[in-house]
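Right, one structure below, let's go through it.
Labels A, B, C, D and E are assigned to the chains in the order they are written; within every chain, residues are numbered from 1.
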Amino acid sequence: MNQNSKPKLAMYWASSCGGCEISTLNIGENILAVDELFEIAFFPCIADFKVKDVEGYPDGYIDVCLFNGAIRNSDNQEMAELLRRKSKVLVAFGACAHQGSIPALSNLTSRAATLETVYLDNPTLDNPQGILPNTQYEADEGLLELPTFFNTVRSLGQVVPVDYTIPGCPPEPHQIWTVLQAVAAALLQGAELPPAGSIIGAGTVAVCKECTREKEEKQIGRYYRPFEIVPDPERCLLSQGIICMGAATRSGCGALCPQVGIGCRGCYGPPDGVDDQGAAMISALASVMDTTYPTDNGNSLEQQIDTLIDTLADPAGTFYRFSLANAVLGRARQPASPVHK
Amino acid sequence: MKPSNEEPYGYYPGCSLEKNALAYNESTSAVANVLGLKFEEVADWNCCGASEYLALDILPAYALISRNLALAASSSGSHSLVAPCSACFLNLSKVDHQMAEVPALASQVNEALAAGGLSYQPGSITIRHLLDVFVNDVGFDRISSLVTHPLYELRVAPYYGCLISRPDYEGVYDSPEYPTGLDHLMTALGAEVVDFPLKTHCCGGHMTQISEPVALELIRRLLQNAHEYDADVIATLCPMCQLNLDVYQEHVNHAFGTNYHIPILYFTQLIGLALGIRAKELGFGREFVSAKRALAKIGKARPAPKKKRKPSKEALPMPQATEVEYR
Amino acid sequence: MPSTNVTTIPTDQPDPFVTRSFLEEVVDAVPGDPRLTACLQCGTCGGSCPSGPDMEHTPRQLFAMINAGMRAEVLRSNTPWYCVSCYFCMARCPQKVQITDIMYALKRKAIEDGESRSSSAADAPKFSEAFVNFVENYGRSFELGVAARFHFVQHPGEALKMATSIGIGMMRKGRMDLTPTRIKGVKQLQTILDRARELGGTA
Amino acid sequence: MKQERIGVYVCHCGSNIAGTVDVGQLSSWAADALEKRGVVVARDYKFMCSSLGQELIKSDIVELSLTRVVVAACSPHLHEKTFRTACQQAGLNPYLMEMVSLREHVAWVHSDKALATQKAKALISGAVERVALHEPLDPISVPIEATTLVVGAGISGIQAALEIADAGQKVVLVEREPSIGGHMAQLDKTFPTLDCSACILTPKMVTVGSHPNINLLTWSEVEAVDGFVGQFTVTIRKKARYVREDVCTGCGICMEKCPSKLIDQVYEAGLGYRSAIYRPFPQAIPKYPVIDKANCIYFQRGKCKACQLFCPTTPNAIDFEQEDQILQLTVGNIILATGYDLFDARRIPQYGYGRLANVFSSLEFERLCNAAGPTEGKILLRDGVSQPESVGIIHCVGSRDRNYNNYCSAICCMQSLKFAHLVKERTGAKVTNFYIDIRTPYKDYDEFYQHVLQEKVEFVRGRVAEVTDAARRPGEEGKLIIQVEDTFIGKQRRIPVDMVILSAGIEPRHDSKEVSRKFGISCNGSGFFTELHPKLDPVATMSKGIFIAGCAQGPKDIPASVVQGAAAAARVLGTIQQKSLDLEPVLAQVIDQKCSGCRICSNLCPFNAIGFDLERQISTINPALCQGCGTCVSACPSHAISGTQFSTEQILAQLHGLLAESFNGNGARTQSPAFSQAELV
Amino acid sequence: METLNAEQLNFEPVVVGFTCNWCSYRAADLAGMSRAKYPANIRLVRFMCSGRLDPVFIMKALKGGADGVLITGCHPGECHYLEQNYKALKRFKLLRRMLSQFGYEPERVQLVWASAAEGTYLAHQISRVVEEIRALGPLHRASDTPSFELIGDAQLQEATV
């Protein structure tokens, strides 16, 4: 390591909301220490860099690149590939880069349907000619190109090899800071980095481990949507019929949501050893459905199950809210069936 | 569900209380005044269709009934709807229940309601019978504490009729076969309650119109049984029961050569009397079979408690009947 | 099992390509599952019914007849019309058969098929109709009107007796009006009822 | 990871398999195509299960150092054991063998040789992938403690205890009431032969009371059960009797002198009285009375002690200082014979029980008939004086009714016929039975019905609508009127009688759910204990070592209760004889570090194998209770439960192999990206 | 862009069947013993109990090349493990609801109860399911490459590269 030059840090946003950047800045005055420790090589959110600058760097020039956002279009993909080339360590930062997150929910439909909703079939629109964005446009100044909008949203790891993943929507500031310190220690003092491919800045088991609500046996007779019920402050939310993804979600957030009475939404992705967060959750939830049998109220067991399932609005969107791109099924079948309006 | 102190009860009088059961309406409001019960009449309610509309046309009948539910649900802060008429109570609760059970029915009913700019979400209000309110919300203790003119020595046959707890669309709050809520209520007024075996039997309903002989026989049984049990009055809670037993009593006497003279009073009229409300305010005088003679029997002093007959030495012990517990 | 969906309440002529058994038809005409096929033929209903002695068939018998497809006999029976909706049978039925609702469905079918006219209770529907007529036009029922319309048309002798013994008494006691009350939203009500009829009314 | 050395053995089964599957091609294909997957040898042979076939496998295991074996032959249900043993004999852990059912699932059900062979390849490929992930396992062996616990000493429990004790094994018999005997002790005559109940029961009770192998604990209850088959630890509360068993002679003077008299709801079914110190009936076993503390004047008000005063023994047998004893015992097996409760007919108000004096329950009627009962066997009305001239017997009270119990109580038809006969015989009264169906299966039962018909008992087919004292017509006054639809004539009838007997149904014990929880077995929706198999294993439960007998399992009569008691005993004696039991090592296990304590799994195990460690806030699985169904494995959202022999990895590997080979023809077997090109753009 | 090639015209669906050890696997054995014929398109996988059914197995099967999945188990009330087949039923129903959101025809994943005595019945059901799936056509188009990834099994992944 060159003693004169500080390690180079980059942070880039692909298809993302910017929350990851805000969370990074939320490390508070430690941001000054970051500035102290690292040289910022690319960080469009806080400083004016051009892609050309990055292209100009030699390969492997950037020591650590925090990449947030999903891969939604060709520009996202090009940037991912570029930053992969230019970075020694590429970190999938936040839920979108980790597993597609909210942008990947559009994998439940198709590009055509998405464009239709956004540009054609929307009450706030005025687009009488039905114009859709073109990837190329002949302007006076010459041919302008827009990125291609992909049909399928992918996570960063599905496009380029990723060294580490920091999960969360967004990752928690204290964990970001811990990771940055660890990276700096490794780069500056030769401390050992975690094994490649690790998920860092998070726990290994599920959120329930961190949640202080009283865990109970579960027998759920119906599910409630948040507005339908005032949760008991002490008891496990899931036991009360409120969908909480805590049991199928990696810990690390400190069970922020369940602690304040909001069911975990699953943003940290599945815990260690679990492949498919949604599948794990539906298997668990279906197992604890309370349908007392044999039934005597005239309803068959099957009807009872159906009624119970009816109280679960949008299972796919609920159980894969953050992990659809990485799910086994990954996206809805092509051509997208008109299940989704 | 018992409304909170401030929350008034929604009130659905039904067509009968407007006219033929005026005494029921009058006595209910007089008693409610004294007890501080707030009844808020549903604005512009319509007929519940009695048992007639369902015989002709199912969806319109459900739509007719649910218009009232929709109006009640959208008006003021009340989540309950009280019906003094058993038939109205049944129809309202039946539609509420079936809409909840059969979603396709609910959506059709709502489609019809939508034509009139209304909608109703089943289960959003609790439908209750007036008696239920007195028994479970006001309570026997409260009533007996307010009694100023106890009905000592008046032998009352509590008559529930059919529809009040049968079937249990709104959940069970008393036995469908042998309810006792009204019995206890009457006891709380100081009256002597007759263990009336036919208390849930049919008054004939609309059979007076369809086949008078059939109806008269049904009415006769009730009068006969009340007579055998030495009842001075029959306490009712349904306009149809009152009408059949009161107005047709003379027809029964005529047809069967009997000579019954049993006044048929609304339970609210008896409560009103015991609370010291003036008879006129309670609608007395509107009954065909005059209550004057019976009411004259009311004693001034609490009768000496009847000695329990000691069972003979040979007699075998007997199980005691169980009762629904009241809130 | 026949569908128990209320959307299948017959609206038109029965589909000539689909022949449903009478049993299925009756089941379909009741909201929810009337559990008619679960009947044990135990007779609790017939034993409990206040009109039982005067019915041409006990409810239990009627259910066996429905099962046997005896359509005309069932729809001509006075039984549904003699049902006073007391719900005794339903509360006691060991199989939770929705007997009273089935009786209503049979009344509707009898009128629809015109069989009620051949029944010994042929007048009964007219009473319902007279009643409903006022409800539809005023939003409230009107006893005097109902009685007059029903009895004067059906049996004028009865009507006279009515007028003397009951009607006059009722009026004297302030228990009967001379004119019907009309609710404010009668137009709204009628729109709702019209729509309901379009959606699946039968009369 | 070390590469496994796998051998694949394809069986011809004569022409059974070879006729439809190209076995030669299959073995050469396996040797060739699956080499990369670790297959070092593949052979086909005429009869793999023959000793020569097994030898082939064994020598390969030794000579080629095989670490895994796949046998593609018949169904594992036929020969899994054979080939596992062969592996074991060659020094390979038996669980490292996997079978493919080529005969039942391929050769015998398909006809196209090419397609069948292709499918066989897929199945073998799946098995090879799977077997590579198998782990060596050892069966779990548990020793069986020879003592057996029998809970409930009705006829069923008595029979079970006697069978075991007579076979020379120890029994602990726990009964909650002061005496053994159960319901049978209350009955008068028993159908269909009309034996006197006491005459046939008492000798058995006496034997129980004096049997050297039976430790009889009456007035006792099981408080807790821990452990598992072979080694249950049970905690029993022996309630204080306040009577010293070593001194009391059973003379009964105390009972006579006791001033506290109350209605006996248990033994006399509410029809007679007993004192606070009591012995339920004269032939009670043991003969010592107990003091019912709640009704004893001394215990409630501090004064009385009449019993002590009059007790003729020295030292005095009455001991007010006695305390409950807690016993802890180890037993190998448990038989639950806790019997039934009678349906409480007051729940059907229209039948008037509890309101109308002369409506009796069936057990009340048994006491009326019983010579030792309150009327000394005379059938009398509630006034205790008059004899009925007409009696109505109502069947199916509380049974076959969705409002109460939706099942047939099985005994009440016969018992109602018995009642009809007894009334006729003893009073000559007019008897009418009201029924929905007459159910008289089994030997000599219908003959009994026919006999009763001959006695001119009237039968009305119709479920009674109501019993009332409200007379409607002349002739009804002062009578109980039974209103019913006579369904044969389709008319409502009102039949006036003097006495009504309600043949109330049989219900599970009011506490059967708690008891089932305590013992870790399950109940059906009504509350009867659930048997392992309704036809083929009617006395075992899913919890190994726990058996059920008598009415606790479902409504039945005495002969059937006795049969079940004996059957349960036979099952227990079988395991005792074996001395130890091998449990399959197919089990679920919680991986502590992965468990988040979410408790999704808490409720899922029907055998109560899953517990929750409150201290560490993680779930635990008791290996002796787990039956290896794998339900919890799939339910755990953290994949914190591993299932041996059926792990997620093994199943996915099998799927992988299966599908890979299915598509081999398409040449599509590469590591693919998450999304295909077509999906992407 | 998509024209059916010859291979798709002669479409032979691949159906994965999950069976339980006590009822449906034995039913399949019995089908064999009674020589009941059914199409060779089905490949059976054995569990101890249908309660072992994990939605991820079905997803992996569909993603990995199967055109349909058949789940079998003991009849309700006859589960060897008392009530675990109810859990399978619940998972199946919830999964199916979700699969429809993912655009999979519900007929691609079916559930059949079969007792150990119902060999011929199971054979009929398998034939029916295979034919229904055949009628739906291939789940994967020619341009699709089925993916066979497994959870963290390095050995297998190594071998497939």
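We adopt the following convention: a residue touches a chain if its C-beta (ideal position, glycine included) is under 8 Å from a C-beta of that chain, and two chains touch if they have at least 3 such contacts.
This one's a predicted model, so the numbers in the text were calculated from it and none came from an experiment.
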Item checked: Partner chains that chain B and chain C have in common -> D
Item checked: Comparison of A-E and B-D by number of C-beta pairs in contact, larger one -> A-E
Notebook entry, point to check: How far is the middle of chain B from the middle of chain E, if each middle is the mean of its Cα atoms, in Å?
Noted result: 60
Next item on the list: Report, in whole Å, the distance between the mean C-alpha point of chain A and the mean C-alpha point of chain D.
Entry: 50
Next item on the list: Could you grab the centroid distance between chain D and chain E? Build each centroid from C-alpha atoms only and quote it in angstrom.
Entry: 34
Margin query: Could you work out how far the Cα centre of chain C sits from that of chain D, in whole Å?
Written below: 50
Notebook entry, point to check: Which residues belonging to chain A are in contact with no fewer than two other chains?
Noted result: 273, 280, 283, 287, 293-294, 330-331, 334
Notebook entry, point to check: Among the residues of chain B, which ones contact at least 2 other chains?
Noted result: 177
Note to self: Touching at least two other chains at once: which residues of chain C meet that condition?
What the structure shows: 88, 96
Note to self: List the residues on chain A that touch chain E in their complex, please.
What the structure shows: 108, 273, 275-276, 278-280, 282-283, 285-287, 289, 291, 293-294, 301-302, 305-306, 309, 312, 314-317, 319, 327-334, 336-337, 339-340
Check: Can you name the residues of chain E that touch chain D in the complex?
Finding: 7, 12, 14, 16, 25-26, 28-29, 31-33, 35-41, 43-49, 51-54, 56-57, 60-61, 64-66, 80-84, 87, 91, 123, 141, 143-151, 153-157, 159-161
Note to self: For a test of understanding, state which residues of chain D touch chain B in their complex under the given definition.
What the structure shows: 263, 270-273, 346-350, 353-355, 357, 361, 374-375, 380, 382-385, 468-472
Note to self: For the complex, give me every residue of chain D touching chain C.
What the structure shows: 350, 396, 400-403, 436, 461-466, 483-487, 490-492
Next item on the list: Using the touch rule from the top, collect the residues of chain E that touch chain A in their complex.
Entry: 54-56, 59-60, 62-63, 76-77, 83, 86-87, 89-91, 93-95, 97-98, 100-104, 139, 141, 151-152
